[in-house]
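Which chain is which? They are A, B, C and D, in the order written, and residues in each are numbered from 1.
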Amino acid sequence: MPTVRTLKTGVSGIRGVVGESFTPQLLVGFAQAFGTYLDGGTVVVGRDTRPSGEMARNALIGGLLATGCDVLDLGIAPVPTIQHTVRRVGASGGIAITASHNPQEWNALKFIHRDGVMLRPYQAEELLAVYYQANYTLVGSGRLGKLESDPGAARKHLDEILDLVGPDKELIAKRRFRVVVDCCNGAAAGLTQPFLRSLGCEVIAINNSRDRGFPRPPEPVPQHLGQLEAAVREHGADIGFAQDADADRLAIVTEAGVALGEDFALVFACDATDPSEPGPFVTTLSTSRMIDEIGERQGRQVLRTPVGEINVVEAMRRHNAALGGEGSGGVIWPRLQLCRDSFAGMALILRGLARRGGTVTEWKDSFRPGAVVRARVDCSAAEAQSVMMALREAYSGEQVDLTEGLRVVWPDGSWLHVRPSNTEAIIRVVAEADDESAAQALRDQALEAIAAHRGR
Amino acid sequence: MNSLRIAIGGARGVIGESLTPDVIVNYSHAFGTYVEGGRVLISRDTRPSGQMVHHCVLAGLLAAGCEVVDLGVCPTPALQLAVRTSDAVGGIAITAGHNPTEWNALKPIRADGIFLNSAQAGELLDIYHQRDFRKATWDALKPYSHDVVAGLQHLDAIAAELDTDLIRSRNLLVAVDCVNGACSEYAPGLLERIGCRVVAMNTETDQPFPHQPEPAAENLSQLRALVQATGADAGFAFDADGDRLGVVCEDGSAPGEEMTICLATEMILSRGDPGPVVVNLCTTQAVEDIAAAHGDREVIRTGIGQAYVSEQALNSRACVAGEGSGGCLFPRINYANDSLATMGHILQLVAGRTSLREVVASLPRYAMTKAALPCRTHNAFSALERLREEGEPAWADPAQTELADGIKYRNRDRWVYVRVSATEPLIRVIAEAPTQGESEWLVREFLSAIRRLI
Amino acid sequence: MPTVRTLKTGVSGIRGVVGESFTPQLLVGFAQAFGTYLDGGTVVVGRDTRPSGEMARNALIGGLLATGCDVLDLGIAPVPTIQHTVRRVGASGGIAITASHNPQEWNALKFIHRDGVMLRPYQAEELLAVYYQANYTLVGSGRLGKLESDPGAARKHLDEILDLVGPDKELIAKRRFRVVVDCCNGAAAGLTQPFLRSLGCEVIAINNSRDRGFPRPPEPVPQHLGQLEAAVREHGADIGFAQDADADRLAIVTEAGVALGEDFALVFACDATDPSEPGPFVTTLSTSRMIDEIGERQGRQVLRTPVGEINVVEAMRRHNAALGGEGSGGVIWPRLQLCRDSFAGMALILRGLARRGGTVTEWKDSFRPGAVVRARVDCSAAEAQSVMMALREAYSGEQVDLTEGLRVVWPDGSWLHVRPSNTEAIIRVVAEADDESAAQALRDQALEAIAAHRGR
Amino acid sequence: MNSLRIAIGGARGVIGESLTPDVIVNYSHAFGTYVEGGRVLISRDTRPSGQMVHHCVLAGLLAAGCEVVDLGVCPTPALQLAVRTSDAVGGIAITAGHNPTEWNALKPIRADGIFLNSAQAGELLDIYHQRDFRKATWDALKPYSHDVVAGLQHLDAIAAELDTDLIRSRNLLVAVDCVNGACSEYAPGLLERIGCRVVAMNTETDQPFPHQPEPAAENLSQLRALVQATGADAGFAFDADGDRLGVVCEDGSAPGEEMTICLATEMILSRGDPGPVVVNLCTTQAVEDIAAAHGDREVIRTGIGQAYVSEQALNSRACVAGEGSGGCLFPRINYANDSLATMGHILQLVAGRTSLREVVASLPRYAMTKAALPCRTHNAFSALERLREEGEPAWADPAQTELADGIKYRNRDRWVYVRVSATEPLIRVIAEAPTQGESEWLVREFLSAIRRLI
């Protein structure tokens, strides 16, 4: 059986299954394509802790050197560290070897532009065109790239966060927070504990090894955080943080040992934004209305974009945003850099907690009560078009936003977002309302409308 | 290897140089894998490498477990129609279209007869590059057979859509230059079937192309002479595989490739077919003028590439669609650029009017200028992005700016369009305006802007 | 699991399993390599009736045309027809697509030199070097090869056999032999029946279809010929002939419906050799001593070569042999051509039967009684070396021939041949003696010596 | 692509041109498939492309599920020894040996430390061309580690075989030219360990080769000057990866590459080691003279290629083996051409005699002439076959004719040898005779015979 169908090449990078489609041939091809595309300069390469990272790292280094690019090898490093390093050293680009929250058997490449941001779609198209054409620039043996490593890259990245937190470090340190952090044995292992100690916290780190494999599914959603919840309770901690395999996403557990919904990392980070930092908040159409609540309170505009980090990042850049991110736990602090950064998120949230006092539960309860529910429906891309047309008709009486799929907002503030996925043959449904059952009702109504249309 | 172009539209290269048996076998094996076995139709144009390529394609498809039906030498639109109207899962056209004789190409076709779109082609290319092919075991190999009637069925489908009584009543004399290509048998056949008298040249499919097989004005001198010598009512020039059509009036004048879609649009809108007109971003704006003259009919513009035009025509239920290069499609027949169908419709238009020259004279015309700037593909997109960031020029109407595929600025009677070639390391700049001087100025301005940005 | 290990490339051609290693990539590669090697001219291509032949045929035609070679396509054709055609049309070479006696899932290429003989080892080495280097001669579109077919090729081949039989045709026709032929639904299907009719035989053909698949394992050994034995008895035929898939090998069933041992096709053909054709007999070290018996009777020398058609052919050429072949049913009649040809074999045997009169059983019984037994032992090539050394010591007291492996001849005329296979990791043992049990004793003694050495 | 040589001895090509990352990954992935996972050792010489190639090799081996141990920059014989003496299933040496700096190559090594023979290499090449690779799943991937002591263990193994007391007693001054190659650290290290004083040049492994890295007489001018300037007792020149050795006498004279195996043979036979001497078909016949002088010792000739010599040495329990190009192997240490071991043994020989020059003068010498005729590989074998059919020349002794690998004719004090190059489109003709004039005549005769036959 051909296994290539487990390969996903597209504008958000390439992803495949190790032993099937994530082959050294693929990797060395994309490395040469990226080197050809960049036309020289330095490329920063880093990886998460997946066992296949070593194979991929060698393929990338070999391919990049052959095109005359120098390689700065970070070894195992968080994605935000790789992005930070690209800008810090003035590299031409970077490649992160990580399948992020996907299971162990997957791995992927994420390509980073010289500005530290993931390749925009038109840049990714350029790269794909070079790869498909396979006519790479290869230099003679005297002009091959040079390989260097930078073991201090993560330290420099985290130091810049500490610098940006600045005098608030004292404020945080005064609270002597007891923090439990679950690094998922990922790229943040060994980094988060000293980082939080620098902020004056007492830190208990679990799953803090780089070579033991993921102890839980790496996506930091509440159902995967039982171990962290227990550890927070056991240690009487003030807060628990969970990171994913490449340390771009963040999740929160309260002092009571309860994992909060995915949106709360961004919600708290927005709430903790310093009034001195001007600009709007930017988030996706699928993120909680709590962001609007904060925006209203702080007198900031809230801009919503289609789902996808790059959409948020581009809008943040265009509108000089104060803060932004995705409801899935990606906090983007533009004073540091325009990418999701779980370390920046932790710093902002601890600062917010220190400033406002009280507990995480109290902080959470300070927002208007609400619940977010989600669903997914298998549906081919072609059929999804007609489903979306039907839904638009079904909701034509309501206040709708057609920026991406269909977003409906009701006068009571409840909302529904239905959109076809860009990467999978599914339709995603998200709804938020004042309580779980109301949100479920909105979601189920949409699911029924979809089923009714497809039943015809 | 530099002449090999593996991209969205297929695999194209020079025989003996880059389109090697290995590339052909791998590409067709990838296509057989992509369609997961099933029936695949193939055809080829008349270039001398067709047979070699054909056998390599067969090997790759059969190895993947496909059942292969060979249409032999036949126009690409006939293949596309056959794929569309049969239970085939796809097709491969072996043709380099209007490219010189030393080139050849494989053009993959999906089950609905349309070329693969970019997402589908991306999947196919992943399979090609990963070389993870479907391998049928000995007892799962499928047979291979011939279909010799697909070309005639295609003529039937065209004739059924035409008012042949009207055409026949005019007893038109039609001159055709088949460039010894895939239409050599079928163009005279169609003309006879719809009641025209025929004078045909270059219809020997085993002979080399007598001139470049692109029906552009500069390749029509033989046909123009034939029209004048025979007093024909119209002349038509075909390319090697029968998707594009060039037109010559009864006085021997050649109004240019952009006129083909204008004539087709005039015909279909005059007949009153419902639905929008679909053309690509660099087709003449005369199409909008014609649509407006027929009661403000809608014109939809798509990205460059037959797949985009065909898919848009399908989705928007267009009445006619096409490209400025001489390719027109008629959705009541087929979703393929189809020179034979185009010839039939133009003759019906002429039959209802005085003469071809008069119809041409009645249609709006603009001056178009084209240029290309060499630029490595991987830099070209970035150059365009920087151009985008510079914003509209002063003369352009921001409301009419199109940024989805390349950059197009427009205002009233002029436009300029900049895009990256999908197949060559070039940035193309095209402009249209009422006068040649104006369109040349637009191109010059943008060429120098791009040179600054590369 | 990599499946390439089912691929056998070597001096006797390439062989692989369809759906695993017998891929169009492999075939088009070897086609280009062969075209490059021949440097132009015509290549004759034919295939047996395996379903994978069509795929292979297209790959070969495509690859050969690309190198500028013209192709003469015979479609389904016996291997001896392909070899005959190569010489007849003055081609540069030929390719037979056939895995001969191997099961359906296998297929193979056999490369034929311009003299109609399979490539000699040094020529095959040349071809392999071109393939491994993969730097093929590819011509521009104006100089591509032309494709022609020759549906009459088999007819011309068989007509030449009839011409060579000449006046003896009358002699054969007078006997009005009733013949049953089993074509194994192979390349001889549809050809053997009219051919034998031209010799005046009444012919019943079974398994005479080109598109029904092999009805029995294609190797024409006695245990596969039950259907033919029954048909001979049913029809009261004088003789039964069995061919293999590509019609180079021949086996015989007596008028009593008994399949004879593999050696008898060659034995009868030798016995039927016309005294007017001078020269020795040539066969392999593993073929029956009955050849020596005939040689003595006819006053001809018998030369023995290592096993392998090419070895026999080369010795036949060098010594201007009258007839030769292999005990496995391959009869080579040099007046026709230097290759195994089941049609030539049938003609010679019918001539012999006509001349001597009587039945096939009587003919068989005219030889000194004897039995041939065979065995095979799995053994790696490396170990085989040391096994053979040990055997040479074990039999050092006897009369031994070390031309290939070890051949021992005892004063009573019994013999033993032990040799490592060239193509498989096995050791082959053959013994012949006056009766089955004596032959088995010789064989078992050798097997015990092998086991004893390996047991150490 | 023309510089790529995929053949029995490995994959060799020019960096930036033909030995691309794709080729390297595929070849090493094929090797990992061939050895079916398991532990593989790798090393490289000092050429600048080593690092790039190294990473691509790692990717291919790891993907196949191999555990990889990296010996870093280290002599190829040290790698071969480490493979032989460990439980590794094979090795890959990343080195183009004596080829210019822009070349590099992958040389596959089997579990017993010997290069693959032709049957084994054929299997590997089939896997490479079929691209049917072993793909380890994520949980079957193996780690990658470093071994920094293999080079030193190799020195230990050499030193253990030498009479270091004898060598030390002479307090020899030895000059070495390490060509900035893999022996740069190890040649001085060995000399110190066996009690010689050292003057070393070109030992900077991060610097380019100061001259062609082949220790042929024409590349020894620097070393000869160094020997003369320092009054050294001997000079030795290394190639990039440490398999071949060139010799310079104390007077600055360079007796040529063929002398290296003569000196090694003289040393081993003087010591009285049992077993035959193994050399290839085109090594100087002086070896037979030396063997005869030591009591008619047996000399076995093999085909050209280190694998053949090594395998024959192993099978026939040779006492010493080698090639005329300066590579010698000492079975008590290793079955690899080993320049460091050769240097050690020659120094022991010198220590037991008066001086290197005197030893050289005591050995027989012949005049050798070499030539190469361009000829496409696929015609070359046939030309040789026709030459074979022409039979022996009048001067040759038919009993001494060798036809197994190429054609060698011999009689008493002269021979000529014709063969097809395994790596280049050439037919090579080599002759040896008592005088230069005679050997040149032999080469000329055969060149013209072959020209007739091509």
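Methods note: a contact is a pair of C-beta atoms (placed from the backbone, for glycine too) under 8 Å apart; a residue touches a chain by one contact, two chains touch by 3 or more.
Keep in mind it's a predicted model, so treat the numbers as computed, not measured.
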Touching chain A and chain B alike: which chains? none
Any chance you could check whether C-D or A-D wins on number of contacting C-beta pairs? A-D
Give, as an integer number of Å, the spacing between the C-alpha centres of chain C and chain A. 67
How many angstrom between the C-alpha centroids of chain D and chain C? 43
What whole-number Å value describes the gap between the mean CA coordinates of chain A and chain D? 55
State, to the nearest whole Å, the distance from the C-alpha centre of chain B to the C-alpha centre of chain D. 60
Hunt down the residues of chain B that sit against at least two other chains at once, touch-wise. 1, 131, 133
For chain A, residues contacting two or more additional chains: 20, 23, 25, 29
Classify the chain contact graph as line, ring, star, complete or other. ring
The residues of chain C that touch chain B in their complex are 17-20, 23-25, 27-29, 31-32, 50-52, 54-56, 58-59, 61-63, 65-66, 104-105, 107, 136, 138-145, 147
Over in the complex, which chain B residues touch chain A? Could you list them? 1-2, 4-7, 33, 119, 122, 125-127, 129-134, 377-382, 384-385
What part of chain B is in contact with chain C in the complex they form? 14-17, 20-22, 24-26, 29, 47-49, 51-60, 62-63, 101-102, 104, 133, 135-141, 143-144
Which stretch or stretches of chain A touch chain B in the complex? 1-4, 7, 9-10, 20-21, 23, 25-26, 29, 36-37, 39, 120, 122-123, 125-135, 381
